[in-house]
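What follows is a set of structures for review.
There are two complexes below, and they share chain A, which is joined by chain B in the first and by chain C in the second.
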Partner chain A sequence: MSLEAAYSGIGRLDRLSYRDTVVHRLDPRAKVVATLLFVVVVVSFPKYEVLSLLPFFLFPVLIGALGGIPAGFIAKKVVAVSPFAVFVGIFNPLIDPATVAIAPGVAVSAGWVSFASILVKFALTISAALLLIATTSFPGICRGLRRLGLPALFVSQLLFLYRYLFVLVEEAMRVVRARDMRSFGKGSTGVRVFVRIVGTLFLRTVERAERIYGAMLARGFRGDLPSMRREALRPSDAVFVLAAGGFFALCRFVPVPQRIGSLLQGLAG
Partner chain B sequence: MSHHLLEFKDVRFRYPDGTEALKGVSFLITHGESVGIVGANGAGKSTVLLHTNGHLLPTSGAVTVGEVPLRKETRQEIRRKVGVVFQNPDDQLFMPTVFDDVAFGPLNLGLPPDRVRERVHDALRQVNSLAVLDKPPHHLSGGEKSAVAIATVIAMKPDILVMDEPAASLDPKSRRSVIGLLNSFAHSKIVASHDLDLILDVCARCLVIRDGAIIADGPAPEILSDATLLAENNLELPLTLQGRPAWRGTCR
Partner chain C sequence: MHMADALLSPAVGGTFWAGTIGTIGYASKRLSARLDDRTVPLMGVLGAFIFTSQMINFTIPGTGSSGHLGGGMILAALLGPHAAFLVMSSVLTVQALFFADGGLLALGCNIWNLGIYPCFVAYPLIYKPLAGDGRSARRVLLASMAGGIVGLQMGAFSVVLQTLLSGKTELPFGTFALMMQPVHLAIGIVEGFVTAGVIGYVRASRPEILDGAASSAPLAAGISLRNVIVGFIALAVVAGGALSWFASAHPDGLERSVEKVTGKGELPGRGHGIPAALKSVQERTAFLPGYGFKPAAGAPKEKKQEIPAWPNVDAGTSLSGLIGGVLVLAVAFGIGWAVRALRGKDAA
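Right after this comes the complex of A and B.
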């Protein structure tokens, strides 16, 4: 993926977060707490669990649908980072060759089951995190974290990361463009050139950081980034967290797919 | 109103790497004056500006704002009086939204939320940018960024406004509106720029700085029409004073 494409992806995620839907209007704290709960519950499942995880897809699907976030966009992002999860689990089938029956007459090695479990957990947690950003906006999440008690220093760092990511990537794009225009297809991917570009960007960043700090001091900065927003939690936020929490608990402690299966069998028989 | 005075008295400054950037700079700017600072690249314009609000402290000599001498301990007080707008608005706008950015200074001054909101709205109205209130800075155009950068400083209601190249890399219309904006402020103003037409439009007085020293100080129309003096400083006559003959050639 080229730098430009990656940049437009981040930009799109950012623009989606300025929409106005039921999900976007929820308090950032409510969404942060619900997403954290979701991630903890999903990760808490034992390593051979696949079937019981499936009901959890309801959460990202619902958030995405209500928040007007295109499913294809999120799916593409999940696929783009999936190599990490694949590498984590790819050797499981070799390391864990014991066979288990997954359906009457079909047996595979237990490693394949745990590999599938890793992929499902990965898809669930990453899509939930992406949806959190796409429906809350990065500054919104930072405000939520600050009000949930994260130290001001961390939150300031995150906010600067967000603000200057765009500036830095645009600067990198200009440097790379200048290189490509004068390299005539030859050696444009040379490591030595790349190292120099990274060095240039680093120096420019340091200089910029100094100028920004000067601008902050000029306006009375003393260590905390003040924010004016004082959102109050509304009943709808509480309902959202409770409903999400209840749903996660139900799916965690009751084997929902199996119950549905036996219910269907009961109806058929 | 003596509290709007800004005085440099034989200010010398040496950067940590040994470069002597200012070699005895003296001037006095009184209430309501608008002063342009011009000079070649590296002459020391930016170094002078960085002394006006104590970002740099003189190696020797004295800077006085109102009755307050600039020292390490008085910097915070001086920063309330002198608002500096830096050249690159991306350095000036560091908060996630325009509102948060303009509110940053007033909040640091310890104003209550109602007053802060009022200040933000007033400042953005003054620069015709109320429409971008909730936008993140990276979604603004260059002209909008410059206007908002000025708003972030006037929201603190400084006595003296200091600007480094306020209209660099703006399209002509945005540049014109920045000039209109600067002329609408009653503050004392200091503007450093290579845009001599802008200086001519905004400033009544002009300082020429060369090699860390002031070599000319007088009415802007007089200094900016002195072709020899300008040429000696890598400058040239403002375009409005150049009188270009009408186009009579042919295109091939």
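Right after this comes the complex of A and C.
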């Protein structure tokens, strides 16, 4: 991923997260908890399960649709990070040759089924994580994490990192652009140049940190970043978490697609 | 080498989350006890620095492929282990959210693999003793190399263990380890080189930063040793917990992979063959007591027992399942489309 592409990706997610929709208005805690629950339930399925995972697509699809998040954008990001899971999973069809019938007359090796299961789980968990950040501002997530009990120091660390990220990336983009112009389109140069770039970037970073620190001291900084907001959970947040949890439980313990399928077959027959 | 949600079981992911959260709490407590309020913004900006440097690619010498910085070693050398660990955790958290590197459940594993090993194992045990006061460029280079390599080797091995313990893939332990470790050896060497290079560059141009970082964060040997012991105890608990869960709930996965390493000769991807020497080392070190490498003669019998473990799907139910699956998927995306269409009308 090029620096510019990565940067514009972060920027786009950041802008999306400040929209005002039903999903965006939910309390960050409710969304964090529901998303974690979703991920855990999805990965808890056994490795040959594909069909029972399908109803879970409703969650990211609904969040994305209600939150007004462009589906193509999320899909592209999911594909972009898939190589490791695909690389590890692709060995299943090669190594697990036992055949299994997936439909009358159609048999594949069990490895393909478990590979498909990995891919479905991958698409579900990654899109849920991306939709969380696309529908919740990063400071909002940090406030939520603080309320959920993470140490104040760590949460301040997250907030600081995020605040200076954009500044630093723009600085790095200038340096990298200069390097690319001097390397005649080779894209990237060797480690030695990289060390210089990172060293320069580091020195600029520290100088910036010193100025920031001075400015913060002048504004009464005493080591933490207190928030003035006192957010209480609203009934809508509770309803959201309960509804999501109930849906996950239903789909986890009842094989919904199989039930619907046999019902349909029963009607047809 | 980011671990991915889809390859994890909830037990493994949850255990590593617990270990990671515990370490974040511990590091925060240790750090805030002697925190100079100057460190907080410095840590934040350094987090942004590592995040940014990771997005700059460079060519790995001799291979033509491109690499990027891990950062754990540099941070530990500049900030000390506790602050470095918190910065690394924050970098990985932001990456998990914005780049979906791995996912949310795997974040615990990723912080563990890329944060704990460099900060609490490689730094105090290898970097610190080798680098000494950090004034000799050669010693810093040696220390960074050794530290970078060990940290990444442990991290890569950890990815292998987490994947196999979760039992979602069929990849045999030996094959997977043989794929992961050499790749990360190369990455570790580059990491060490870059770490030493940046530290040398900083020492040449702004030496007071390094001296300041070292003095504001006292790094007595005693503290480091205790961290390491705590780290190892935590590791033992995690490994024990994960293994015992594994043994009771899912007897296939790992046992099967282990059996396949020794039992079947014609594994694709194993064509190059595992050197006998390596195998005997594996046997001697017996990394998983109780899951000993089975003799090849026992393998066929194992295989027969495996067959019932696969859910016996008869064609009738599987057809209705397929019909239902397609329908459910269509309904899910249909609802999404309808909501979008309605909202679009509202907006217009």
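Assume the second predicted complex is superposed on the first by the 239 of 269 C-alpha atoms of A that agree within 3 Å, B and C clash if a C-alpha of one lies under 4 Å from a C-alpha of the other, contacts with A are read in each partner's own complex, and residues count from 1 in each chain.
Note that contacts are C-beta pairs under 8 Å (C-beta built on N, C-alpha and C of every residue); 3 or more make two chains touch, one makes a residue touch a chain.
Being a predicted model, the structure only gives us computed values, none of them experimental.
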Partner chain(s) touched by A:Phe154 [first = chain B, second = chain C, both, neither]: second
First, second, both or neither for A:Leu37, with chain B first and chain C second: neither
First, second, both or neither for A:Tyr162, with chain B first and chain C second: both
Which superposed partner A:Val108 touches (first chain B, second chain C, both, neither): neither
Which of chain B and chain C A:Ala75 touches, first, second, both or neither: neither
Contacts of A:Ile212 with chain B and chain C, given as first, second, both or neither: both
Contacts of A:Gly220 with chain B and chain C, given as first, second, both or neither: first
Of chain B and chain C, the chain that contacts the larger number of chain A residues: C
First (chain B), second (chain C), both or neither touched by A:Pro139: first
Which superposed partner A:Gln265 touches (first chain B, second chain C, both, neither): second
Intersection of the chain A residues that touch chain B with those that touch chain C: 138, 159-160, 162-164, 167, 208, 212, 216, 221-222
Residues of chain A that touch chain B when the two form their complex: 14, 138-139, 142, 159-160, 162-164, 166-167, 208, 211-212, 214-222, 225-228, 230
Residues of chain C defined as touching chain A within the complex: 1-2, 4-10, 13-14, 21, 24-25, 28-29, 31-32, 35, 37-38, 40-49, 51-53, 55-61, 66, 69, 86-87, 89-91, 93-94, 96-105, 163, 167-172, 175-176, 190, 193-194, 197-198, 201-202, 205-206, 209, 253, 260, 267-269, 306-307, 310-311, 313-325, 327-329, 331-333, 335-337, 339-340, 343
Of all residues in chain B, those that touch chain A in their complex: 50, 53, 55, 76, 79-80, 83-84, 86, 88, 90-92, 94-97, 99-100, 103-105, 107-109, 113, 116-117, 136-138, 152-153, 156
In the complex with chain C, residue positions of chain A that touch it: 1, 3, 6-7, 9-10, 13, 35-36, 39-40, 42-44, 47-48, 50-51, 54-55, 57-58, 61-62, 64-66, 68, 71, 77-78, 81, 84-85, 88-89, 91-92, 94-96, 98, 100-105, 110-111, 114, 117-119, 121-122, 125-126, 128-130, 132-133, 138, 141, 150-154, 156-165, 167-169, 171-172, 176, 187-199, 201-203, 205-206, 208-209, 212-213, 216, 221-224, 255-262, 264-265
